[in-house]
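A, B, C and D label the chains in the order they appear, each numbered from 1.
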Amino acid sequence: MSKTKEHESKEFKTDNDFDPDFFKDIERKSNIWSCIQCGTCTASCESGRWTALKTRTIIRKLTLGDLTVLKDPDIWLCTTCYQCYERCPRDVKPTDVIMELRNYATKLGNISPNHRAVVGYLKNYGHAVPINDEVKQQRKELGLEELPPTLFKFKSEGDTEDIEKIKELLFDLPEEKEKEEEK
Amino acid sequence: MVKEETFAFFLGCIMPNRYPQIEKATKFVMERLGYKILEMEKAACCPAPGVFRSFNKADWMVHAARNIAIAEKMDADILTVCNGCFGTLQEVNKRIKEDETLRLKVNEKLKLLGDYKVNGTITVRHIAEVLGYDIGPWGIEDKIIRKINARVAVHYGCHFLKPTKIREIDSSEKPTIIEEFIEALGVKSIPFKEQLTCCGAGGGVKAYDGNASMTIFSEKMVNIDEVKPDFILDICPFCHLQFETGQDYLNQNQSCNYDYPVIHLSQLTAYCMGMDQEFIGLQYQKMGRDFLFGEKSTEEGV
Amino acid sequence: MKLSHYQKEVSSAMSECDEYENVVVFMCNECGQGSANTAGVARMSYDPAMRIVRVQCTGQVGPIQIMDALNSGADAVACVGCCLGACHFFNGNVISMHRIKIMKKLFKELGYSDQFVNQYTSRAAEGETAVGDFDDIIERLCSAIQEGGTIQNEC
Amino acid sequence: MTIEKEKIDSQSPQIQDEEEKVEINDDEERIGVFVCHCGHNIAGTVDVSSVADYASTLPNVVEAKHYMFMCSKPGVQLLKDSIKEKGVNRTVVASCSKNQHGRTFARTIEEMGLNKHRHQQVNIREFNSWVHQKQKEKATQKAKKLVEAGVNRARKLEDVITKKIPTTKSALVIGAGIAGLRAAYDLAELGIKVYLIEKKSTIGGHMTQLNKTFPTNECPQCSISPLTNGVANHPLIELYTLAKIKKVEGTMGNFEVEVELKPRYVKDNCTSCGECSENCPVEVPSEWDSGMSMRNAIYKAYPQAIPAMYVRDKKTCIECNTCINVCPVQAVDFSMESETKSFNVGSIVVAAGYDEYNPSEIEPYHYGQEGYEDVITQLQLERILAPTSLTDSQVLRPSDGKIPRKVVMIQCVGSRNEQVGNKYCTGVCCKFATKNAGIIKDMYPNTDVTICYIDMRTPGLNFEEYYKEAQEKGIRFIRGRPSEIIKDPISGELSVVVEDTLTQTPLRLDADLIVLSAAMVAPTGIGPLGSKLHVLRSKEGFLKEFHIKMNPTQSSKGGIYLAGTIQGPKDISETVAHAGNAAALAAAPLVKGYIEKEMLIPTINYELCVDCGMCKTACNPAAIDFNDDGRPVVNEVACRSCGMCMPACPTGAIQLLNFSDDQLLDEIVALSKGGVICNE
């Protein structure tokens, strides 16, 4: 269902594969160490029922310090439905943990091209979903202004100050990672 | 004190750029109910809690704070019509209100974006919360001119109620806010299996892996199809998009045959309050274009 | 736990700084005294600056005793009680812990170092715990001295 | 702790010859200092003679000696001689720890007629020579300071007297579950009069509700009935049902208790014929049956209930008067009123038990909601299975009375769950789920029974075997905590969503009957009871024991003991053992007839005291109270000499004897001197 996982081919792991210190930051913001691996999160997960995302396994890998989790495509399958967050008996807040993890993965350049495109839209139009001609027409028919008074309208009228700053200062994504880079 | 009965209307991305009919309907409803709706000039993407928070939590917060700062300048609470916008703005607003150090940090970066500053003076509201609690089923009764006699599948979406500790609106396991409100409009919510699960669009999944998103969604549709509602009622343009385009996708790729109209709470309420059929905008939709409220509605007369 | 390990640590701590003479340590009648006795019986070594005062419970030690000690020239003060949850008088150690936390805050606000007053726990059966506490007191004391921190009035 | 040590002390002196006692001159402080060599143990590191020399220069010191072994007979003789010859009235021995020989020297001076609290032990061995062996110079310096501090301390030491307080030879037991029954019976067997108070109309508690008990699966009614009958018929036990504690005053050894007895509306001559109940038009769910059957407004909780009398529930009664008319012996009497009883007791045992956690708080499980009738708790299942059940022990599901073919049990409901505030593991539910799963499987081999668990916790002799037996019976164990129970709105069928964590598979298990293994939580009403008794509670709500390992049955207040699950979840064997220990401790001072207590307690200087009550708040054993004039008073029996009231006092009015601010200051000054002192 989802993309293949490179790390699964490597079966035997040693301490060298783990770096418990790496996730100290996440630990500080949530309770990952108090996870009892009860599986409530996975069972709650609407995504995980149909996809490869197994929330509990992600938390487990974190507590082990398994760095492969950063390259794990599964972490991008969470829909942030918060169901696990609501139900975890140990208050681990798995949704927040996954968000935190994605931040790390992003820093390492593990971002999908589609996501890059969405960030591009934001930087160029101020919107993750830009307007198109069909909708412009529709707006007119409905008696609305052709362009809503959002940042994009100002940009098209020549007032580009705000959007330039957003482009420059926010969501600076690292360059695409070289294909294989180990340890 | 923020101005009462006035809202800074936060549009977000999908509503103005894909479903302007929801925008139109919301304005209609709010103005009819006596609220003043102000445009938020230069507002941008909320930004979406799934994708942008995933990339950089700090920037996500700053960008959201920029939108909040615009409303603070207008001295009005923010009204959103979208769970995503609500999720982002409500959470960030709450956190900068409660955490002073965070506020200072956010403001520091916000300064670089222009003349923006957040002070934590306003609140962020969702239309469903305003209708469900401020107006309430008791308050809408004498504002409507027609009732719709329909059985619908209500979809709450995720970020309106969850995380409950932050939203503090209703139970996430057995909410009733929408059900109770639409009952006053004559509409009956019919429970279906796993009613409160996600539509599969959030968290950046729709962009990341459309197939996965559709797999989650197709299960949702199976459960909805079991109870054969008249239409699907949602409170979020992103869920709206998922339900609209998703049905189409399933019909084309998985030989399904769905044709359920998808209607936002604002559209439904607007219609009951007397807005013209053509402005409700069902004619622009992919699904259930033929669906007419007319057959189901009974005029109440004002 | 190896004895030599502690000895090494102590000697290294001592070589770092020696601008102190007395550290007043209030130890409760139960695990506090017990652990120091056990340390003695096992001939573990620690800094001779430690001056142990027997109290019923660390919950008995108030700001008065702590200020008395500092005023009469103690270089640092500490309270050593039972493990949290195992206080023989219910929760005296927890109360003492909070009290010392507040005192630390106060010292800091007044511009003094907060490393000269500390709360510890120990276990009667394990002398190591007492010695570990003592070592930590010295370590904090030394680092505070080296950073120019003070708890005494300049006079 | 102090109490026990001193008890031993106070008993031994009589053996010694009396004539050694000398006349004590108390005009001025005359201190004798003795420094011990302990062979090389001390003298090998510390220059003992220079320490003794130094001591002799200190004020009030009239004798300063050093000797090879102070604890030896000649060593002890030195003390005696100094008292006799030099008029020494306070002694300081610088040798080993107070635990090692402090007591030896204290006893010696007591033999000589001095109060034993006038001895000050200075530890220069464990605290000095043994830990500073390589730093002889510094160790000698330190020894001098320690001795000086000891001398300073000795100067102001005051006499502490020991008092004998007579006790009331009777006990109160609150709660008549298995724990209360056990404790009451054990106390009565020791010849102690017992008042047993139960808030419900019958005794036996939760155990009477159970079907079978692990690990032997025997009938709990059978095991408990000898005890219930024994208690009901014991000449020394007075049993009160429908009773509520109103007031508790006093301290260890002597309490005054006031109890409110609610009316039963049925007189003692009731023959338990059941005529009234049969004719009563009102039907409500039975509490004892956990709502699994109905009872009338006039009823007996269950056939074997003790006392074997009916009771009228005023709240649900519609006052049709039928019962009054049908009763053949005119036992029904609506004019009965509540009465108040007072007892004097020496000890109190609290055995108020537990409540089953109400799972409706966990929303995804939908317990108690309409349409989810087939989600029940283990206690309800016990009632379905029980021999007296409405279903005749058949497992029939509540919604439609069918035999379930798929039973799913969910563990840790309300335990190990921070969201509902219960962090602890109940420790019993894994065992009773295994029990009930096995029983169902035995009765209906074709029914699938699944237990969804996080960890199976079955420690102890017989319990792992019990678990294995269940596995062999074909019960399916799935390691995972279900996230929710879902209901198909069309078919109405229930299913349980759970991840099998061992294979990482999310599962949806169909279920006809879902049984929640709900936690054991503190009983309702424990808050008010706890505050009436002045005992502290743990953060989980149970009553807190004095020391988790060494004193698990003693409460924070002297004279009040905890029995059974009121202290925390337990199974029956643990409950019974716990209750037995509570009874033994509660009986000890009553059998002995008195409490011996050293008066090492605080005194209050009423000129300084501003009646703020801070000391009262600080005192865990609730030994401080306000008298009629609004002034704080220390209860000498309840006080445990912890000194925690001292720092709480804003004016320094309250001072613990021999540990006062002033006395401690003397010691502290000597120990701190020589540092970076600030002389203005």
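Heads up, the rule we're going with is that contacts are C-beta pairs under 8 Å (C-beta built on N, C-alpha and C of every residue); 3 or more make two chains touch, one makes a residue touch a chain.
Just so it is clear, the structure is predicted and the values come from calculations on it, not from any experiment.
Remark: among chain pairs C-D and A-B, A-B carries the greater number of C-beta contacts. Between the CA-based centres of chain A and chain C the separation comes to 48 Å, rounded to the whole angstrom. A straight line joining the Cα centres of chain B and chain C is 59 Å long. Averaging C-alpha coordinates per chain places the centre of chain C 32 Å away from that of chain D.
The distance from the centre of chain A to the centre of chain B, with each centre set as the mean of the Cα atoms, comes to 22 Å.
Touching of two or more other chains is recorded for residues 364, 484 of chain D. Counting partner chains per residue, chain B shows two or more touched chains at residues 172-173, 194. Residues of chain A in contact with two or more other chains: 49, 83. Inter-chain contacts occur between A-B, A-D, B-D, C-D. Partner chain B is touched in their complex by these residues of chain D: 363-364, 366, 369, 484, 486-490.
Here chain A touches chain B in the complex through residues 1-3, 46-47, 49-51, 76-83, 85-86, 95, 99-100, 102-103, 106, 111-112, 114-115, 117-119, 122, 126-132, 135, 138-139, 142-144, 148-152, 154, 161-163, 165-166, 169-173, going by the rule given at the top.
Within the complex, the chain D residues that touch chain C are 1, 97-99, 123, 125-128, 130-135, 138-139, 141-142, 145-146, 149, 536, 544, 546-549, 556, 618, 620-621, 640-644, 646-648, 652, 656, 659, 661, 664-665, 667-669, 671-680.
Those residues of chain B that touch chain D in the shared complex are 171-174, 190-194, 226-227.
Residues of chain A that touch chain D in their complex: 36-45, 48-49, 54, 56-57, 83, 87-91.
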